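Have a look at this one.
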Amino acid sequence: MSSEVKVISGKTVAEHNSRESCWIIVHDHVYDVTEFLDDHPGGSKIILKYAGKDATAEYDPIHPPDAIKTNLPPEKHLGRVEAGTVAKVEIKVTDQEKERQLRVNARPPLSEVLNLHDFEAIARSVMTEKAWAYYSSAADDEITLRENHAAYHRIWFRPRILRDVTQLDWSTTILGQKSSMPIYITATALGKLGHPDGELNLTKAAANHGVIQMIPTLASCSFDELVDAAQPGQSQFLQLYVNKDRNIIKRIVQHAEKRGIKGLFITVDAPQLGRREKDMRMKFEEADPDQVSKNDKSKEVDRSQGAARAISSFIDPSLCWDDLPWFKSITKMPLILKGVQCWEDALEAYDQGLAGVVLSNHGGRQLDFAPSGVEVLVEVVEKLGAKRGLTFPNEKFQLFVDGGVRRATDVLKAIALGATAVGIGRPFLYAYSSYGVDGANHALEILRDEFEMAMRLLGARNIKEVVRDMVDASSIHQHIVAVPEDKLYHGNYESMQSVRLREIKASL
Amino acid sequence: MSSEVKVISGKTVAEHNSRESCWIIVHDHVYDVTEFLDDHPGGSKIILKYAGKDATAEYDPIHPPDAIKTNLPPEKHLGRVEAGTVAKVEIKVTDQEKERQLRVNARPPLSEVLNLHDFEAIARSVMTEKAWAYYSSAADDEITLRENHAAYHRIWFRPRILRDVTQLDWSTTILGQKSSMPIYITATALGKLGHPDGELNLTKAAANHGVIQMIPTLASCSFDELVDAAQPGQSQFLQLYVNKDRNIIKRIVQHAEKRGIKGLFITVDAPQLGRREKDMRMKFEEADPDQVSKNDKSKEVDRSQGAARAISSFIDPSLCWDDLPWFKSITKMPLILKGVQCWEDALEAYDQGLAGVVLSNHGGRQLDFAPSGVEVLVEVVEKLGAKRGLTFPNEKFQLFVDGGVRRATDVLKAIALGATAVGIGRPFLYAYSSYGVDGANHALEILRDEFEMAMRLLGARNIKEVVRDMVDASSIHQHIVAVPEDKLYHGNYESMQSVRLREIKASL
Amino acid sequence: MSSEVKVISGKTVAEHNSRESCWIIVHDHVYDVTEFLDDHPGGSKIILKYAGKDATAEYDPIHPPDAIKTNLPPEKHLGRVEAGTVAKVEIKVTDQEKERQLRVNARPPLSEVLNLHDFEAIARSVMTEKAWAYYSSAADDEITLRENHAAYHRIWFRPRILRDVTQLDWSTTILGQKSSMPIYITATALGKLGHPDGELNLTKAAANHGVIQMIPTLASCSFDELVDAAQPGQSQFLQLYVNKDRNIIKRIVQHAEKRGIKGLFITVDAPQLGRREKDMRMKFEEADPDQVSKNDKSKEVDRSQGAARAISSFIDPSLCWDDLPWFKSITKMPLILKGVQCWEDALEAYDQGLAGVVLSNHGGRQLDFAPSGVEVLVEVVEKLGAKRGLTFPNEKFQLFVDGGVRRATDVLKAIALGATAVGIGRPFLYAYSSYGVDGANHALEILRDEFEMAMRLLGARNIKEVVRDMVDASSIHQHIVAVPEDKLYHGNYESMQSVRLREIKASL
Amino acid sequence: MSSEVKVISGKTVAEHNSRESCWIIVHDHVYDVTEFLDDHPGGSKIILKYAGKDATAEYDPIHPPDAIKTNLPPEKHLGRVEAGTVAKVEIKVTDQEKERQLRVNARPPLSEVLNLHDFEAIARSVMTEKAWAYYSSAADDEITLRENHAAYHRIWFRPRILRDVTQLDWSTTILGQKSSMPIYITATALGKLGHPDGELNLTKAAANHGVIQMIPTLASCSFDELVDAAQPGQSQFLQLYVNKDRNIIKRIVQHAEKRGIKGLFITVDAPQLGRREKDMRMKFEEADPDQVSKNDKSKEVDRSQGAARAISSFIDPSLCWDDLPWFKSITKMPLILKGVQCWEDALEAYDQGLAGVVLSNHGGRQLDFAPSGVEVLVEVVEKLGAKRGLTFPNEKFQLFVDGGVRRATDVLKAIALGATAVGIGRPFLYAYSSYGVDGANHALEILRDEFEMAMRLLGARNIKEVVRDMVDASSIHQHIVAVPEDKLYHGNYESMQSVRLREIKASL
C-alpha cells in the first residue's frame, strides 16, 4: 500500500512459473499467488497455466477488476511489470471456439426472439461451454431447479371478463421504489462469463425500462462500476454474502447505503455454496486429458475441496438470527432475507422487524428438493395471515419470490398469491450473453408486452387488481412421481395410428 | 359512393408501386392503401408485394369480398381499372406448393377417415403452412390449448346397463332451436385460408345434418353470403366482436336479427387478440430472408405491433358489464357471453338476465393457463346451484362449453355435467380444409355414429337421460406436474425386455 | 331339411359368381348367399371373392362349422356339390405370409416364456395381421383398454410376515365349482383366427389345470364341440349374447343347462358391438387398393354399417331388467350379469336375486372411458356393504372382474378387494395363438407359479387370507392427466449426464 | 472327516464326466456332485461343463471357499487330487469378455465419479453381464424396485436458515454402536460376482469410514473371513436367512455373538426367493443355443424349479412369530426383523420386545408392488405413536429403512421421518465392482460430502436436529398412474419450437 511501486521485469516474472513459486501479471501488476493456489475457487490448474505470464486475458472475463487486489494480502502485490518486457500470451483459438463464433454470427435477429425461452435456446448455442455449464447447472439431480418452473404450471388462472381494460398499469412499488413492472433483476454471479460488459448490461437495460437491478456480491463488475453506471433516479438493490470478517461487511453495507442502494438482500440459503455436478463435470473435461486418463488417485487434484475451502473465506456459515440486530444497527436500508424456505422463518423475519423476505432456493443451486419459492409463498401467506393477521401484498413486510420464471403469467400468479414482486435471473443472463444490452432490453420488452396481454385478458387493470381469487393453486403442494412404467405392457401395446396419405410415387 | 365510377388504366396503377404511394387492384377496383399499410393485420409486406398490381388472387383466400371496401374510407376507393390494361400477376408456384399439391392428391378416401383426429392429420399435410400455423396455434406455451382436450380425459363414465336402448334420440334444443345433436359449429375466423369456399362449407353441412352454425365476425365469407346460403328453417347464430363504434355494432346486430339469426354470442375473452407464437414464427419464415438475416433492428418490421394496432380498431377493450343493458335494448335475440371463465362471471351473467354463457377460453388462443371450459362447467353448476338454486341443463340460462372436443364421448361428458350443448370448431375447419363440404358432412356423420354408439353403451336413450351420475369428474381440478425426472437414475435403469424371436437367418 | 339332397355340378356353381347371384361352396355344400351379402358381419367383399367357388379354406378359420347352416334359411341350402367338379381354389401365399411363417418358426421355446406379457410379444409377431388387429383392438382411443391394466398399478400391497407359509392353497370355489386358482378363462370371440383349433385349446388346458372355461356365444368352435371335449368333472360356463328371438335363446340356455353348464353369464355391456378403429383400419388395408384409391364416395362400401346391421340380428338392444325374471323361469343355472360398471347396477342385480356380476367393460372394446372393473369393485364393495350389509367375497352374491390382468399379483389385488375370481381373456388367446394348447397350459403354469410366489410373500396361506387390509387402494379413483408439457422449457433443459468411460480406441 | 485323505489321480476324476457320475475338483479336492446336480441353485448345466475337470476358476468368483464342503455330505468328499495329474482347464476368453476388459481399462479416474449414480453407470459397463443381471434385477415388472427410489422424490425438504452451521456432526448411534453417518452397508449376496475380493472390500471401507457393515448369510466370502478382516473396534451386524435346521441356525447365531456381532437382522421378507426375470433371461442367453433353439419341451431344463428346490433347503418358509422367543433364548444380540412392510407387523415386533425393524422390501427383489420402506416408515411412525405412544427415532425400538437410496438427501428424509439409520446396498456393490475397495471408500466419501452439504443447507447441525418438520411427505401415499395417452391427439400436436440459428454454411 506504499505509494512507491516496484518495477519488475517480465523476465524476472517468467522465472516464477511453478507451483513452488507462482507469479502472475494482471493489468500490468505482478502478484505472487503461490500460497493462494489451493484457495482459488476456480482451482489451481487454471492459474498455473499462466505461472510467470500475463493472465489478464483469462482474468478479465470472470473477475471484477479489483478482485485480485482485494483477495491477496498487500505483501503479495509485488509491483508493476516493466513495460515491453512481457511476452504476449497467445491465446490459441480452438476449433471448438471457431465453431462457437460461427454460431454467434448465425444468431437470428432479435425481432425473432419471441419469449424468454428463446434467449436460453440461443445462449446455449453461443455461450462458451464453461459459461453455459456455470449458469445452467444446479444442485445434485437438478430436481429443484426444474421444480421451480414446474410449480408455476400447477397454478391456473381464473380470468375475469367485461371490465374496461383500455388503460392498463402494471407498474408497482418495491420497498418504496417505483418499478415499471412487478419484477426485479435478481443477483447472479460472474456476469462476464457470458458477455464482456457483464452486469453493466443489466444496469443499462434496467435504466431503460425503469426496473430495479439487484447488484450481486460476486459480480464480475465492481460494485462502484455498477452504481456509477446508473441513471439519475435509478434504483438498485444489493445482494450480500456475509463474510466472517464483519468489519468488511460493515464497510460494504455502509458504502452501499452511501451510494444510494435502496435495499439490502442478505443471502441466507448459502452457508456453503452448493455442488453443481454439471459444472464440475465441465471442469474435468477441460482438464488436461493426460493427467486424468491415469487412474492415479495421488495425482488428482480434488477440485471440489479447493473450492469449498476458498469459499469459506467469504461466506460465514455461523451467520444466524442473533446477527440481525447488528445489521439493523449499521444501516437504515430496508433489510430483506434472501432464501427463506418455510413459513416459520418468514414469521421470524417478520417478528424481528425486517422489511421482507425472498422465498427462494437460490435457483435450485443449493439444496436439492428444497421447495419452489412460489409453493412456499402459499404457506407463508396462509400462516402469517393466521398467526399475525397479515394480508399480502403487504407494504410493511414484503414477500418476493424468485426461480423458474419465464413468462409474465408466472409473475402474475405470484402477485395474485401475495408477492410484491418477482426476481428474474437466468433469463436476463441468457439475454445479454446472447445479444448484450440489446438482448437485456428486448427481454424486458417481451415481459412488458406479456404483462399487457396477460393483465388485459385476466381482467386486471393494475397490480392491485391481481387478486387471490384470480388463481387456483389447489394443486400446488402435489409432489407426484408416477408409478414406474410397466415396460413389458407398454412394449406390447401397439399405438393407435391416424389415417395416412396414399403413397406419393412421383416426386418433384 | 357516387354512382360515377372513375376508370383508371393499369399503367397508372402500376406507377403507385411503393410504400410512398401504394395502389392495389382487387376485383377490378383500384384502392389507395398507402395509409393503411401499417394498419393491415397481416403486415404491410404482403401488400407491398402487390403495390401497383392486381392483388385479387392473394386477397380472395383470406378476406370477405367486401372487407376492403368496408375498411377503407370512400376517398381511397379510386375507381375501376380499365379492362385489359393490367398485367397478369403470375403467381409462381413454389416447389413447396407443388409438393403440397402432391399431398392433396394423395388424400385417402373419406371412408377411411374414422374419427375427427384423422381430419387433423390430413389437414396438417394438405393445408398451406400458413393456414395450418394460423389454425393450429394458440397462446404462449399452448398449455391451455392442450389442457382443453386433456381435461376431458380426467372425466370418466359410469355407464348403466339393461335399459331398452333400441330407440335412441340425441337431438336437443339450443336456445329454442332444434339441433340434431347436442353440438353446434362454433365460430372460427378466416375460413378461406383452408378452402376457397370458406365458411360456406359449414353452412351447407350444417343444413344437411340439422345442426346450428355460429357465424364468425371475422369470417372470410360475408355475413349475408352465409345467411343466404342457409336452407329454409336452418338456424344460425352470430358471434360478435364488439367494435368501439357502437353504431356499427348496432347495425350489425339489428341486421343479424332481421336476417333471422337465433342467438347473439358476444365474445368477452378477447379484449385484445392473443399472441400465437407458432403463427408469428411462421410469418418470419415467410418473410424476405435477405432482410431478416441482417441483425439490424432499425430495419425490422415489428409485426406484432402492426397487428395489435390494427385489431384495436375492431375490438373494444372497454366493453364491460355496463354495456349489456344497451345490447338488450337493441335486440330481442338471446344474448350469450362467449368466453366466461369462472363461476363469478357466470353468476353475473345470470343475474343480468342473459340467455346463457359459453364457458370457453377461445380455443386456448388468448390467456395461457386459463382453465378448460369443462372444468369451469363443474364449478359453475355447483356454485349457481348453491347460490341461485339452479339446476342444469337449464332452459332459462343455458351453459355451453367449447375447446378440445374430438369425440362424442367428450360432448356427452359435458352434457352430463350440465351443459346444453358443446361448440366444436377446429375439427370442422380441418374437415373442410381437407375435403370441402364432403369433409364437413363426414365429420358430422362420424359424430352422429359416435353419439349412437356412446349413448347406447352409456344406457341413455335421449339427452335428458345423460345425467350427472353418469360421470365421475372427481379428478377434474387436479393440475399435476410430475416431480422432474431423475435423469441419472433413469439413465442407469435397464428396461425389462420381452422374450425375443430367434434370429431369422434366411429371408425371402 | 328334406332327406334327399340335390347334387350340383361345380360348373353350375361357377356361373353364380356375381353380386347379382352369388353361390359359394363350404364343406362340399352349396349355398346361395346373394341376399346375405350385405348382412355379413365381415363385409360382402370377402364373400364375393369366392363367388362361384369353394370358400371352405377361408370360412373355416373364423366360423363354427354350423354357422352357415344356422344363419341361412333352409331354401338357401342348395345341395351337395358333385365330387370332382370343383376347381381347386389356390390360395396365393403372399410374401407377407411367408415372412410370418418364418417368424412362426423362430418362436423361442416355451421355457423362455416367463410371463403372460411374453405371449403377447410372440403373438404380435406370429399371428396374422388380421387376427392381431381383431384381438388387440379396442374402442375409440383405447383409453379404457389401457386403463384396465393401469388401474392395477394404482393398487399396492401391504404384505404380512412371519406366518408359516410352508403349505399354500390358492384354489377356490366359483359359483359352487372348484377351481385350482381364483381365475377363470373368460369368453373371447373368433378363436380360430389365432389357431386352427380355436377355443378347444382352452378347453383342454382348463381340464389340465382344473380351471373353468367360459364358452363364448361367438366361439369359432361350436358349443357342443367344446362341451364334448371337456373331461369328466370339468366345469364350464356359458357367455350369452341375447338375441331378439327369445325362442332361440331359450333353446340355447336350456341346451346349455342340459349339457351341464354351471353358470350363465349374460353380457349386458354390448347392446351394440363397439367400433374398434385399429381393426377397421386393418380392413381398409386389406381391401382392393384400386377401389379405395379413388376418392369416390359413391363406390365405397361403408363397412361399419354392414357390420352394425348384421350384428343387430343377434344382439337385442332392448334387453332390460324386466327380462330377468324370464331368464330365471327357463333355467336353474346361476345367472350372472357380465359387464356391470357401477354400484347402482350391481345393487339392482343383487336385489333381483342374481348369483353375481362381472365388473367389466368388455376388455375396453365397448365404451371408451368406462372405468376398469377393479375400480368399480371398490365402489361396489363399499356401497353394497353400506346399503345391504354385505361383505365380500360373498358366496351368495359373487363379484368378478376382468380386463387388463397380466400377473397373479393383479388377481390377488382383486381378491383382496372382495372379488371371488378374476376373468382372463386375451393372454390365453395370445398363448394358444402362439403355441396351441401347450401355450395355454404354459400360461396356466406361469400363473400357478406366480400365485405360489405372491401368496407366500404376501403372507396368505389360502384365498380366505387374502384380505382387504393387504392392499392399499387409496389412489384407485385418481384419473390424472398431467398438465401439458412446456415444450420450450424442456427443449432448453440439458439433461444431467453420468460419468463416461474414456474413449476406447483399439477394438477387437 | 477322517484325517487320512485319499489321493485320486486326475485321470480317474476325468472318467466321471457325465450326468450319471459327475466329479469335480475344487481347490485340489475331489467331490462327487452327481446327486447335487439338480439341487444346485445355479443349475446343473454349469456344473456339467466341468464334469471330470477342475472347476476352481468358475467356483471361486461366486462361492465362499467352504461352501462346497458345507453343502455336500462328508461321503461325497472323495479326497485330494494327485498333484500334476489334472489337465489345465483353459478358460476361453470370449470376444465379449475381451470387449469388457477394454471397458474396464477405460474406466474414468475415481475423482470424476461425482455421485452414487456414477458407480452404477460404470458398473453396468464393466461388470460381467451375469453379475449385472444378478445385481440389478428385481421381482416381476420391477415396479417396486423403481418405486423404492421414486418414493424419495415425493418427499420434499423444508430447510431452515440462519442457524450457526459452522460445526456439523452427522454421526449417530445404531443399536448402541457408533457410526460416522446415519447409514449402514446392508447385506447383499454373492459379492464376488462383481469383484474377486467380494464383501471384503466393504469390510475394509467400513473400517476406513467408521460405518457398520451387515454381513450377509449368502456372502461370497465366509463369515469368519469378514470378521477376521475387521479392525479393532469395528462393528458388524449379521443378516440371517433362517434354515429349517435350527441347530445350524443356533450354531451360526452363537458363533456370531461370540465373534462380536452387534446385531442380528433376521430376514422375514423371503420365505421363498423372488423370481427375477432379467436374471432368468440372462441364463437363457448363456445356455447352449443348440439346445434351446429346439422347441422341445421334454429336453428343457426348468431352471426356475431347480433353484426353488435348492433354496428351500436353506430358507424355512415356516418361520413365524412363535419362533422369536427361541431366538431370544439363544442370543443376547439385539434382534431386528428385516423386511417389515406394514405397521401391524412393526407393532407386533415392538410388542414382542425386539430391538427394531428394517422397513424393507428386499430391494424390490421379492414381492412386486410391495411399498417402499420410506412410505411404510410414515405409517409405522404414525401408528406406533398413536397406539403405543412412541416417538421416533427411538433408542429402544429402532426403525431402519433400505432400498432406492442414492443421495445423502434421501437418507436425511428418512431420518427426519423417524428412522435411526438407512441401509444402502447396491450402490456399494457397484462401487467396489467397478473400483474395488477404493470404489467403496470413494462412495463413502461422496456420502460424507453430501451429508455435510445437505445438513448445512437444511439448517441441522447434528442428526437430532433433523426433525419431522424439515420434510413435507404429504404426497408419499400417492400411487398415480396417468390416464393412458391419447395417441391420436398427441400425434397430431405439433410441438412449439424455439427460435433457431440461421443456417451455418461455411464450416471449419
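So that you can tell them apart, the chains are marked A, B, C and D in the order they are listed, and the count of residues begins at 1 in each.
Assume a contact is a pair of C-beta atoms (placed from the backbone, for glycine too) under 8 Å apart; a residue touches a chain by one contact, two chains touch by 3 or more.
This is a predicted model, so every value here is computed, not measured.
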| item | value |
| --- | --- |
| Pair of chains joined by more contacts [C-beta pairs], B-C or A-C | B-C |
| Distance-maximising chain from subunit C - centres being C-alpha averages | A |
| Angle of the C-alpha superposing rotation, subunit A to subunit B, to the nearest 5 degrees | 90 |
| Between subunit C and subunit B, distance of the C-alpha-averaged centres to the nearest whole Å | 42 |
| Chain centre separation (subunit A, subunit C; CA means) in Å | 60 |
| In subunit D, residues with contacts to at least two other chains | 107-108, 112, 114-115, 117-118, 120-121, 141-143, 146, 153-154, 277, 281, 293, 478-483, 486-489, 491-492, 496-499, 502 |
| Partner subunit C, residues of subunit A touching it in the complex | 115, 117-118, 120-121, 124, 136, 141-142, 146, 149, 153-154, 277-278, 281, 293, 406, 480, 483, 486, 488-489, 491-494, 496-497, 499, 502 |
| Residue numbers on subunit C that touch subunit B, as the complex places them | 95, 98-99, 102-103, 106-108, 112-114, 117-118, 120-122, 125, 140-141, 143, 268-272, 274-275, 277, 280-281, 284, 292-297, 300-304, 317-321, 323-324, 337, 339-342, 344-345, 348, 361, 366-371, 477-484, 486-489, 495-498 |
| Residue numbers on subunit C that touch subunit D, as the complex places them | 107-112, 114-115, 141-143, 145-147, 150-151, 153-166, 407, 409, 413, 438, 449, 452-454, 456-458, 469, 472, 474-475, 478-482, 487-488, 491-492, 498-504, 506-508 |
